Amino acid sequence: MIHVAWLIPVLPALAFPLIVFLGKRMPGKGAEIGIVAVAVSFLMSLIVMAHFVANGNARPEEAGFTWFDLGGFSLQVSMFVDGLTAVMFCVVTFVSLCVQIYSTAYMHEDRRYTWYFAALSLFTASMLNLVIANDLIQLLVGWELVGICSYLLVGHWWEDKVNSNAGIKAFITTKTGDVPFLFGIFVLILATGTSNMHSINLGADQGAIGQGLLFAGALLLFGGAIGKSAQFPLHVWLPDAMAGPTPVSALIHAATMVAAGVYLVGRMFSVFFNAPHFVLLFVGIIAAITMAITALLAMIQDDVKRVLAYSTVSQLAYMVAGLSLGPAGYTPGLFHLFTHAFFKALLFLAAGSVIHAVHSNNMSEMGGLRKRMPLTFWVFLIGAAALSGIPPLAGFWSKDEIISIAYKSHTYWLFAFTLATAVLTAFYMTRAVLLTFFGEYRGHAEPHEAPVAMAGPMVVLAGLSCVVGFLGPTHLFAHWVHFFGEPFVIEPVDYGFAAISLLGAAAGVVVGYGLYRRWRVPDPLRRLGPAYTLLERKYYLDDVYERGLVRSIQYPVADAVDAVDRRVVDGAVNGVGLAARGMGGLLRYLQSGSVQRYAVFLFAGVVILALIFTRVT
Amino acid sequence: MIASISSQEIAFSVIGVVGIISALRLVTTKNVVHGALYLVITLAMIGAGYLVMAAEFVAWVQIVIYVGAIVVLLLFALMLTKAPIGHEALDNQQRGISALVSLAILSGLVFLVLDAFRTTTFSPLAQTSTAEIGQDLFKHYVAPFEVVSILLLAALIGAIAIARKDEP
Amino acid sequence: MIHLWLPLVFSAALFAIGVYGVLARRNAVLVLMSIELMLNAVNVNLVAFSKSVKSVVAVAGATAAAGQIFALFVITVAAAEIGIGLAIVILIYRNRESINVDEVNLLKW
Amino acid sequence: MNIDYHAIAPELFMTGTILLVLVFDAFLPEKRKQITMPVGLIGTVGALVATLTLIGADDRITFGGMYVVDQFAVLFKVFFLASAIVVLGLSFRYMQEGRYYQGEYYVLLLSAFLGCLTMPSSRDLIMLFISLELVSAPGFLIAAFRKTDPKSNEAGLKYFLIGVLSSAVMLYGMSLIYGVTGTTRLSGIAQALATKAGDSNIALAAILLVVAGFAFKVSSVPFHFWAPDTYEGAPMPVAAFLSVPSKAAGFAGLLQLMFVAFLPKADFWAPIFAVLAILTMTLGNLVALRQTQVIRLLAYSSVAQAGYMLLPFALVTTGNTSLNHDAFAAAVFYILVYGVMSLGAFAVVIGLAREAPGAHIEDYRGLGARAPALVVAMTAFLVSLAGIPPTAGFWGKFVIFQVALDRGDIGPWLAGIMVLNSVISLGYYLGIAREMVLVPSEVERRRPRVPGLVTGLVLLGALAVVVIFIYPDLFARFPDGATLVGR
Amino acid sequence: MTWEGTAVSLAVFLPVAGALVIALVPRSRVSSARTLAVLFSGAALVVGIAILFGFDYGSGSGLQFELHTTWIKSIGAGYHVGLDGISLPLFELTLLTTFLCAVYSLNRMPTGASPKAFLALMLLLETGMLGTFVAFDLALFFVFWETVLVPMYFMIGVWGSGNRQYAATKFFLFTFFGSVFMLLAFIGLSFQATPHTFDIQFLQQHGGAISHGLQLILFGGMFLGFAVKVPMWPLHTWLPDAHTEAPTVGSVLLAGILLKMGAYGFIRIAFPTLPYAAVKWAPYIAVLAVIAIVYASLACLAQRDLKRLIAFSSVGHMGFVMLGIATMTTVGINAAIFGMVAHGVITGMLFFEVGSIYDRYHTRQIAEIGGGVLRKMPKLGGALALTAIASLGLPGLAGFWGEILALLGAYQPGPGLDVGLYRTLMVFGGIGTILTAGYLLWTVQRIDYGVVPERWDQVALEDTTRVEWLSWAPLLALIVVLGLVPTVVFGITNDAVRALTGFFTGGG
């Protein structure tokens, strides 16, 4: 079965053209094609997973065929299936399946319903391709394709310029990270003569790649991760990307695509690990900055989706932080990726349900929904608790592992950051729950509970959010996903650290409850004064990018280039033409019309020629 | 530079000076008819020069065609065109540059001639006779002779067509 | 015995004077006369050379009388040219009531 | 003495034709004078046939070496007679409708063509001089043939004055050549110039003066000033005559002088030609950019084209026989190609003379829609003049470039200047095409009534331009085989 | 006269025969001219497809379907045509694109003068373009090269829009300016072979023997000719004008094929015949190429005219092609050829779409169209979005491989080239890809997205017609196929490119 694992991405890929060309004529307007395809993929993923569950140290499955030969090196379409791949398969196909089922209801009245499902299928296929790829270029293909799908889906409601702007911003920002990523690929290809990721990893392990090249390669690759996983300083696109339909956010911007950067680091971990130590240090620093600043931002958002978005960035930073701790953090980092996918997708779907009901994203127009949408409330609460690190839910286990590993590996500063972020996380999630579901209803629409198609996936995800966490302390996950042969440091869960992180979470919850028990205008955090403004302005980063970089290139610089092109470059061309005409205009005055003047020229010409050419001895 | 001056040279010099002076008058005179007369003198002096150089056939052709025919033709033209008299009427505005060009040509040619032929002399009498010229003309130069007749014919017909007053 | 330079300088002078006349005179007939001076200068050259070139190398087509015959052709052609020139002058006079060469400048640039 | 009558049969035919036309003219009633043209045409065709019999024959030397009929001469004679047929065809309706003295016109035109015929056979200074005058003198007259038009008078006067002055300069040079070498025979001059006598300043100056006379004929700067004024003022077929047969005759003479008589002094005169060529093409092209009267524009264009044809002369060196031969062939080939394309362009202008007698460029607006065939042909001619494939003019330039680059030294520089000039020239050639095709006419105009004969000639010319392009060997082997006797 | 020997010539000259036939169609039966154009270009395409089947892909480095006879003895030019792995993709692209243009013209003929003339010129143009890609004799190459000028001049000048006369004249003069110097270089090159020859294959094998100084000069001459055509910065200014003013079919052919001729010339002639000069010139070419990439994308941001924007984008995309060539590596040159084919397909398609938008809106000003095309005409808008996304180099679509592999080539340039410089250029090229994505997405946003402006709301605008689909579908399919299965090009080119790089890596 594992030999045909390649079918997992291929099925949704086939679904895409089918939906595009036939979808409109199907009874379910194409949705069923996508759902069936991804459902089959999911089942196959489970089978693949089972293979690794059955045997934690099963050999990775490699296969491939030549895509094309070019000069000396040949490019392959190939697959590399190991435990990590299998886990990712399951996550992607499962979340995609949930989201697609959910969307049949959520997007019910959308005018581009069919196209929406086509894009979802394309995304799923691309993401799965990214996961299965054993070739950097192939991975890049998937990498960019998920980017364009994100662009298309974020801008799905492009009638409103805000949405298409967000799509462009998402694409361009991640593309900015992709360029160093591309160069990193070049470095590794030229260093090893192959783009096969497994070979490159082996090469790095065996010391076949020089330190300098590893350094450059790893840093540049991380550039891609910064873009895709929305790490500082390229995190700015993700909150804006919330402009897309909420299920899209759940799938792409919470569970899968944004995790691709983390996955990349995990997949190429030999390169990072064997590179000079500074690389992982740098990765950790970036992660620390990101998790802190975005958690702070999440505190003050009014838009529930933005809260979740910043939270996502922050949690991604957790994962990255985990990986930055080296082999010890490898499994926890990826485990957090795994658990986060469930509860964050759940949170988004639940938020979507709320938004669906109240026709607004803003928490200031919600409140008191606990009674009107009890199911949604409960699942949201489960998600929030999981995210906040309340045991025994999923987030607790994975986050706790990272925090404790940070401490145990003597990376105390990172420990401090992770712990502080945990407090903040608990705080802002408490705030979100309170503002959304408690107090009085402040909205205008008539809220109603989600239909079955939406509720089902939410319930399933909620259930999973409760249980998947136990894969951590039971070390099952570590058996499937580990670095370098053997699972790393398997030791019993350190309840001391669990207590610390739980304490932190509780602190966050308590403060949040204290502040947001009742609906208050203005937000109590405004009392922070200038600090609040700083957060409100998103540390002015968007302003710097937007006004300083994008607008200045888009208008003054571009206009200047255009002016230079017209006036100077083209001006020179036209100037030559005008000069020729001008000279012609002057020279024609020689033709004065007076025949005797002509005769003067004639004789003078002879005399001058004679003077020049006759040798005067 | 002149080792000895022969009588022929004296004669030629005199002829030359007269010819040049009248030529100069021709291009400076204020009266066109006078100009024609100066032309006659110059042409005649040239003919005389040919005689001194013992090229008598050319000399007589010179006198007959130029003095006899061409000058008359020119005089007719002068009368037909009622040319005005006076400095301004006969000269254009570029006398200065003309003089300059003319002097440049003169000095150039004189330089070249003296440079090449300072010492060359010839004895006129030892040379060709009219009979020889006639023989050569019809022996070697029949072709141009025939062609030039067509030229004259064409010039004649064309000149008539052009100068004729009536409209076709 | 004549020094060759003597007729040649005479010819050069005539030629130069002719050039001056052509360039500086505005009356078309005078211009024609000046042209005659130039052509005559050529003839003086030819005749003088025909008397002196015997001493030059023997080359193809070097006949004794070539120079003088050349001069005869020049005279003939000059006559034809004068005829043509005068015809044109008269034509112009008929159309413009003037034969000032410098006024003939409809066509220019 | 024995005269080779076969050798001079074309000239004899032509002479007979001239006399016959004269007789017809005398006896035809006023309204039927146009019949003189077919008479002349038949005679010209006869002369052409006579010339064709000389192709491939041995070189015929007659009149004591003064008159030579070699393949070079035959080639040019065929060319002249062919262009004579074209010019006659172009003249027919134009002259008939324009109240001209038709009989006299054809007599003069054919006389000038007789001069063209004798030119490439003339291997003697006297003969060259006479031939040149025979080409020029009737030209002076027919340039002024629109008698009531002051512009035509002016055209004649200017052409005449510059022509005669140039002749005088040339004759002065010839007299000096004679004085230095003792002969008027071209081969003799070459012999003498190869000796010490050729080293004198006066010999070099004489060469310069002789070149000046022919430079006038080919309208090289600074002897070109007559050309634009005369082309513009003269009747259009006369302009066509001046631009092609007359110019080609000048080149025929120049080729013989330079490649026979003056070849030993090539190192002296080649740089002069370099200067003349550069000045000529550059000035011609630059000024042509500013012209709005098409004939005048074509006149400047023909000045510029003369510059291209002069360029191979600048590449000649004393001693490098094969290179000299290539330069010679390149010049001849370009002249022949130029003849086809330039006559074609004039033919189009003449064809449109009924609608646009002033030949102003605005008159041609929107012609693309009204006379597509004519415009296609005109485009072919213009593109060819600019030297762009797929037309014959391209190979014309190509061979010149080839020789120039083979020459090395100044050759590449000259080629570089020439290509720049090609670009400039394209500016105004395109200008004509633009007015004809791209700019619509502001006023409603009818389809032009183009004489059938002219249309036929135009299309024939266009076809020739393309055919020569596709297979230039058809044409290019002539100059290759056209050896000059005495060289 | 075998099929092998005549097939190429048949494909090259069928269109010109068609042009003649069309020219002879009487004025009253003009509509049949359109059918004839489709027939003749289709016949040529059929020959091309037959060649595709007969081509031996195992030996792409050698000339196939070769015909080598004398043509002009006096000049030394031969009629030498054939196809190798480098020519074949471009040859087929030309056949296909022109055929599609003919199909498109069935009901989208530019207004103006006689359609007969337009179609005849288009076919004449096809012959010139095809010939350029198959000629293996410099003189023949040049002839075909220049043959495209006249038809294109008239296509722009007569059937173009607004400022067409200026644009047409500029196009003609500018390209002619470049090519005459190239001609001089060709002739100069021919004299360096003994015996003198214009045969490209022969010259390639003997390129190393030419003195270094002369090589640099000859390369300079060729550079002018090819660089103007590509066009490379700063010789590009004819392009925006010409593309903008040309009728749709003219723009498609200009962008789709004509520009490729310049880059092809570099690959086929300049680099292999002058290996020493190539190494010396390549860094400058690379620098100019990268300037073009960045400059063009910046200029694109400033364009208000949709067509001009697309036109400018060609400058940038050809910058990638030139960067690939200038790396002098197998990867880079393969990338360049791929990039050319991809750009031909993509930009050709973009111009089709822009043309169709113009046909409906009668304006090219982005602000006047005002967005909402995707709402108003979902098919047209969708096709535009797809093509634009392909243009920005998305993997899985055609535009990707040319860009990425050109950059890869720049990371490790050929022997003798400054690695530091090329890597710096690579970085700027990478920045260029971001800017490219930026302006293309911005353009899609401004055209496709948003609500339909009021002024167009009530106007009935027809979505893509059947004939449009007919002429677009192959290109759209190619965009996807090339992206997913790049072997369709690389499989053909790789051998030939390897053989070619041998001339300057081995012989330099």
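When the chains are written out, they are named A, B, C, D and E in that same order, and each has its own residue count from 1.
Please note the rule applied: a residue touches a chain if its C-beta (ideal position, glycine included) is under 8 Å from a C-beta of that chain, and two chains touch if they have at least 3 such contacts.
Remember, it's a predicted structure, so these values are computed and weren't measured experimentally.
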Quiz prompt | Path length in steps (a step moves to a chain that is touched) from chain C to chain E | solution = 2
Practice problem: Kindly list the shared contact partners of chain B and chain D, in label order. | Solution: A, C
Self-check item: Where chain A and chain E overlap in contact partners, by chain label
Solution: D
Quiz prompt | Chains most often in contact, by C-beta pairs | solution = B-C
Quiz item: By C-alpha centroid distance to the whole-protein centroid, which chain wins?
Solution: E
Practice problem: Report back the single chain whose CA centre is most distant from the CA centre of chain C. | Solution: A
Practice problem: Report the chain whose mean Cα position is at the greatest distance from that of chain D. | Solution: A
Self-check item: CA centroid of chain D to CA centroid of chain E, Å
Solution: 42
Exercise. Calculate how many whole Å lie between the centre of chain B and the centre of chain E, each centre taken as the average of the chain's C-alpha atoms.
Key: 71
Quiz item: Roughly how far is chain C from chain D, going centre to centre by Cα mean, in whole Å?
Solution: 26
Quiz item: How many angstrom lie between the CA centroids of chain A and chain C, rounded to a whole number?
Solution: 96
Quiz item: In chain C, what residues contact two or more other chains?
Solution: 15, 18-19, 22-24, 26, 28, 31, 48, 50, 52, 54, 61, 63, 66, 69, 73, 77, 80-81, 84, 87-89, 91, 101-102, 104-109
Quiz item: Which residues does chain E have that touch at least 2 chains other than itself?
Solution: 173
Quiz item: Listing for chain A: what residues touch at least two other chains?
Solution: 577, 588, 591, 593-596, 599-600, 603-604, 606, 610, 614, 617
Practice problem: Using the contact rule from the top, write out all pairs of chains that touch. | Solution: A-B, A-C, A-D, A-E, B-C, B-D, C-D, D-E
Quiz item: Can you name the residues of chain D that touch chain A in the complex?
Solution: 157-158, 161-162, 165-166, 169, 201, 204-205, 208-209, 212, 216, 221-223, 225-226, 228-229, 268-269, 271-272, 275, 283, 285-290, 424, 427
Self-check item: List of chain C residues in touch with chain B within their complex
Solution: 1-10, 12-21, 23-30, 32-34, 36-37, 40, 43-44, 47-48, 50-52, 54, 61, 63-66, 68-69, 71-73, 75-84, 86-91, 93-94, 99-102
Quiz item: Okay, in this complex, where on chain D does chain C touch?
Solution: 64-66, 124-126, 129-130, 133, 137, 140-141, 144, 147-148, 150-151, 153-158, 160-161, 164-165, 167-168, 171-172, 174-176, 178-185, 187-189, 191-192, 195, 197, 228-229, 232-233, 290
Quiz item: Okay, in this complex, where on chain A does chain E touch?
Solution: 67-73, 137, 140-145, 148, 151, 155, 158-159, 161, 164-165, 167-168, 171-172, 175-176, 179-180, 182-183, 186-187, 189-190, 553-554, 557-559, 561-562, 565, 569-570, 572-573, 577
Exercise. Over in the complex, which chain C residues touch chain A? Could you list them?
Key: 19, 22-24, 26, 31, 101-102, 104-109
